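Order of writing sets the chain letters: A, B, C and D. Residues in each chain are counted from 1.
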Amino acid sequence: MILLFEQLLNGLQYGVTLFLLAAGLTLIFGIMGVINLAHGALYMVGAFAASWVAIQTGSFWGGLLTGLVASGIAGIVVELGVMRRLYARDHLDQVLATFALILIFNQTTVLIFGRQPLFTSTPEVLSGSIEILPGLPYPTYRLFVIAVGLAVAIGLYFLINKTRVGMLVRAGASNRQMVRALGVNIQGLYTAVFGLGALLAGLAGVMASPIVSVQVGMGDEIILATFVVVVIGGVGSVKGAFVAAIALGMFDTMLRAFLPATLQQVMPGPEAQALGVGISSMGIYLMMALVLLVRPRGLFAGRG
Amino acid sequence: MNRVLEIAGLVKTFGGLTATDNVSLTVNSGEIHALIGPNGAGKSTLINQICGELQPNAGQIHLAGRDVTHLSAADRVGLGLGRTFQITSLLDEMTVRENLGLAIQAREGSNFHIFDRAATRSEVWNETDEILSGSALGARSKVMVGDLAHGEKKQLELLMALSQRPRVLLLDEPMAGLGHIESQQMIASLRAARSECAMLLVEHDMEAVFALADRISVLVYGRIIAAGTADEIRADPAVREAYLGEEDA
Amino acid sequence: MKRENLLLLVVFILLALVPFAAELTGQSSWIKLVGQALIYGMAAASLNFILGYGGMVSFGHAAFFGIGGYVVGMLYHHFDAGTLFLGFIPGTDQMLITLPAAIVAAGLAAALVGALSLRTGGVQFIMITLAFAQMFFFLFISLKTYGGEDGIMVRRTNSLPGLNMKDKATLYWVVLGFAAAYYLFLRRLVQSSFGQIIAGIRQNERRMAAMGISTYRYKLYAFILSGMGAGLAGALMVNFLRFASPDMMHWSRSGELMVMVILGGVGTLAGPFIGAGALFTLETMLARVTEHWMLPVGILLLLVVLTSKGGLMALARKIMGGTK
Amino acid sequence: MKRLLTTASLLVAMAVPAYADGTKIGVITTLSGPAGYLGEQIRDGLMLGLDASGAPYELVVEDDGRDPNTGVQVADRMLNEEGIKVMTGIVFSNVSGAVVPEALDAGAIYVSPNAAPSPLAGEKCNPNYFVVSWQNDSLHEASGAAAKKLGYKTAVALAPNYQAGKDAIAGFSREFGGEVTEIYTGVEQSDFASEMAQIRDKAPEVVFQFHPGGQGIAFLKQYQQAGHLGTIPMVLSEPSYDAVILKAVGPAAIGVTGTTHWNSDFDNESSKALVAAWAAAHPDVPLTTYAQQAYDTGLLIGSALNKAGGDGDMAALQAAMKAADFASSRGSFAFGANQHPVQDWYLTAIEADEAGNPKIVTKEKIREAVGDVYAANCKM
């Protein structure tokens, strides 16, 4: 029972990380109609900038700030320099251009930081564990990640539902032509949304840096899961991204945690292990395939 | 009389909104049945259900006596249902001739053949050239459809729809966006085509409707509020109030 | 038309002379380089049929490439070990059997993936094809019998009666023959009745439905044909490199195939081959000059997308003065 | 196409050096991607080893991108165009599985500084194929032996769900002999929270995990964050705690037990020379076992080249290699029947240095002069 609860928390934490990435991606997708494969590169930028500053200054919080600024700036530069020319293009050109961006970001990172992974640790206040249930210590830092993720979700909810900018964003996600017709500074809105998306991706990278290995290519691995979240949630829907990210995080963690043992009940141990892990690796893709077969446009699809 | 298209008790709702509210109507062979109504009356929704792009919540659609309610759009075409689109829908990267040729090829079959040469199928291209030379588009046959004028696109759509040899043709606002002369041409084309098939004509242009229609049905808020000949409709007080009156004002 | 055929013939002859040229200049690795580029060109061309001509952006095409390759690898494995596949199918090293088997297997996989994926469209289609490809990737990684992540070594290229397939030039010519045949097949295909229907579906699916075309069935058929082509390319690749591995179906490989198509020119017959050749040559050349070859490759790709529409084919046409 | 080809040939002409003195040695290794640092270590270690041997040489280094296709492509050019007859450098077994047969078919000698897949150690062994590092299985057998020697009875063993991972757990279990709970992780997984919870739930006496590179870094960090470090002992094989990993992990690795075939504190001349040369050449980069393996590879190749007088007589060169007449930095070294090493294995502890950073300290020898289980299947 305690194990189940702990795994649920793990799933939640994975889910909010995915949400941080997916929120920006789904907005960029929905509003600008751009498939940005290089979104994961911004995650990497955040992680590297934060880790490097943390190593130099010894301050996690300084790193956090730097990571956010760096990824936000990187996002805006990418928008102004590349994305802007891609809005009118078809998906194929966008895939090619953002694929090229991945290569550029990865190799530039190698040139700047070298190939060795960077060292970061959790900040002092957040190291150690909190006993959230008797017999269940849980890493404080992971609780912090969950809290930050949920706080961002709430913040985004207010931004999108209660502000004028949010109104434009919502309108843009469901009907691009309409926002153009409103005579809004559409270029400015695009740059802002892209910057915000990059910032959130960077935040996810900063948050993950004490947990995972800060290395070149770290963004390429997580970007696929992020795309799965965006598609399941429905392109352009932040609410959908949130629901899908949490569901997917939980589903993935539960599969990994319990499927092999469950299979062991019905077949020999090693085969059950191998098969269980194999299926868990496919789990998120299976989930997406199933969702799309029932709802071809995702769970919370807008009209756009 | 022979009913080629018969719609009975069709209902379509979107969330709480009833777009098609228990609509029944028939189109007899050889007649032009016009469907009129103000914007938002649910005409396009109705057309899309007849074509098979939308599934109704209730009711049946019979085509030449056969229940087609659950058939796909493509299968209905095979049974003799033709259509034109409100906003012209053509193959913009092909020429006029290629568009029409493809329509005729689609009708002729062998569409899964991968080793033949589509460009040399004489049964397709003879008919294509024959139709084109007899139409106003004859001189424009090598022009890319994307470069055509709006009126020409409308004409091409009609030719393509007729080339399918439909029993009944659904015309979704064929006059929309046409100038006066173009409208007259279109009316003439439709009049010429009435010997080939029955038509359900959805149209805003009252001049065209009164010039062509044998019978008229009036759709308001998803319901048919009146049906009859042109004179009957003109005289109907409910129609005047709900529809014509509005337009006059 | 005549001029196009002449050009093709010249290119074919030049390609056929590659082994001699390589021999003369002492740069014999060109045989392998050009051969691999031709095979990738085939895979990219098969993708281009659905992507460029049919408008179906599949991000999982490497799966069929990999499956075709694995069929050759697995049949060889059983041939080598003298065991039976699934307990009743004996292995073989005869190319006349392995290639058709690879094509059929890839076609079946494409039928399965296509039947489900084609229910969606747009971005969802891109992602669901990717999802299926990832599932195949993870499946093959966990097949211990066939080397798991390490893949299968095929110690000897499949034999073809009457030919010495151990000879590099012979193997190259066989590959060139297949590539040429596949090119001609595709040219026929896009000009066929079916090809016209597919082109129509790309431009306007609704219009095609209004012509009585059940678009789903046609798209599925195209998807299967395309998957079979990729399977053939994969089977040739394994014969050419004598190695099958899950890398063949990794998502980045699907991306690479797309890059080749876009780089060369979407919806053109020669484009994918040119794109494959260019990308492959570029990567190989730059990798010899610098370890950081990815950076210039990335920048060049980006410049190509931003400055030209229609890839290298469009660029070539512009330079040649718009002959077509 | 043709124009492309001509431009490309020009590029080739520029890239190939006009004249070189020593024997050309082809190095195909992984320099790009997350695992790029492994190739870097191997390349740099190899150079130091060759330098130390005094043999004249010229290195032709190229990146394989961890892609077998690229590896084969590069190998083909090295073998057939540049006339290279001695090759080395491959990091990953999927690449070596594709490239090694290519090299052997061309009559070249391949000396592995790292990857040693089991088929090439057993039935498919070859007189021209040498492994200086270790056979994959023996790495993990050493860890199993260590866990047994430390008196543990129950273990949780974790490894990625691919062939090398399965081999790792099999190798560990073979020597451990106790009760092993196997947990396989995802091939590209970087968050192990779920596994941490399972470890807590199982509460074993020892944890064995095999996660090289970035996965290993993530695993160790999260092991500490989950509060397992210092509570449940961990035994690692050398790829899971190389010096680069330790530098990235920091204090989270202190207290972990490792097994290795070499460590930087070894008390022999060759090892000391390596450590000194490395510190001089790459002061900012940690020295790993990868570099050491490559260093020994360099020493071996250099000694053979010296003896055979270059690569003119391949039979003589092969015989000189087989003699393994070099001063290995690991002390004792010999080739077994399958030309894979027969060597000693050591237990190490990861302790804090003065600055509180982890360093590896050799404790004792746990296995002496062992080869691998596949040698018996090799008939040369």
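Note that contacts are C-beta pairs under 8 Å (C-beta built on N, C-alpha and C of every residue); 3 or more make two chains touch, one makes a residue touch a chain.
Just so it is clear, the structure is predicted and the values come from calculations on it, not from any experiment.
Engineer: Which chain pair shares more contacting C-beta pairs: A-D, or B-C?
Structural biologist: Top pair by contacting C-beta pairs is A-D.
Engineer: As a quick test, compute the distance in whole Å between the mean CA positions of chain A and chain D.
Structural biologist: Averaging C-alpha atoms per chain gives centres 34 Å apart.
Engineer: Using mean CA coordinates as chain centres, what's the chain B-chain C distance in Å?
Structural biologist: About 43 Å, centre to centre.
Engineer: Just the number, please: Cα centre separation of chain B and chain D in whole Å.
Structural biologist: Computed value for the inter-centroid distance: 73 Å.
Engineer: Whole-Å distance, chain A centre to chain B centre, using C-alpha means?
Structural biologist: 48
Engineer: Give the residues of chain D that touch two or more other chains, as numbers and ranges in rising order.
Structural biologist: 31-32, 161, 166, 187, in rising order.
Engineer: For chain A, write out the residues touching at least two other chains, lowest number first.
Structural biologist: Expected reply: 107, 110, 274, 277-278, 281.
Engineer: Provide the list of chain B residues touching at least two other chains, using ranges where the numbers run on.
Structural biologist: Expected reply: no residues.
Engineer: Pull out all the chain pairs that touch, please.
Structural biologist: Every pair of chains in contact is listed here: A-C, A-D, B-C, C-D.
Engineer: Show me the residue ranges of chain D that touch chain A in the complex, using the header's touch definition.
Structural biologist: Touch residues, chain D against chain A: 31-34, 36-37, 40, 161, 166, 182-191, 193-195, 197-198, 200-201, 213-218, 221-222, 225-227, 244-245, 247-252, 285-286.
Engineer: Mind pulling up the chain C residues that touch chain B in the complex?
Structural biologist: Against chain B, chain C makes touches at 188-189, 191-197, 199-200, 203-204, 206-215, 218, 221, 225.
Engineer: Okay, in this complex, where on chain C does chain D touch?
Structural biologist: Within the complex, chain C contacts chain D at residues 11, 14-15, 25-30, 32-34, 36, 138, 141-142, 144, 147-151, 153, 155, 237, 241-243, 245, 247, 273-274, 277-278, 281, 283-285, 287-289, 291, 293-294.
Engineer: Going by the contact rule set out above, which residues of chain A touch chain C in the complex?
Structural biologist: Counting only chain A, the residues touching chain C are 29, 35, 37, 82, 85-86, 89, 91-93, 95-97, 99-104, 106-108, 110-111, 220, 224, 227-228, 231, 235, 274-275, 277-278, 281-282, 285-286, 288-289, 292-293, 296-298.
Engineer: Inside the complex, what are the residues of chain D that reach chain C?
Structural biologist: Interface residues on chain D, with respect to chain C: 1-2, 4-5, 8-9, 11-12, 15, 31-32, 62-63, 65, 67-70, 72-74, 76-77, 80-81, 93-94, 97-98, 101-102, 117, 119, 124, 161-164, 166, 187.
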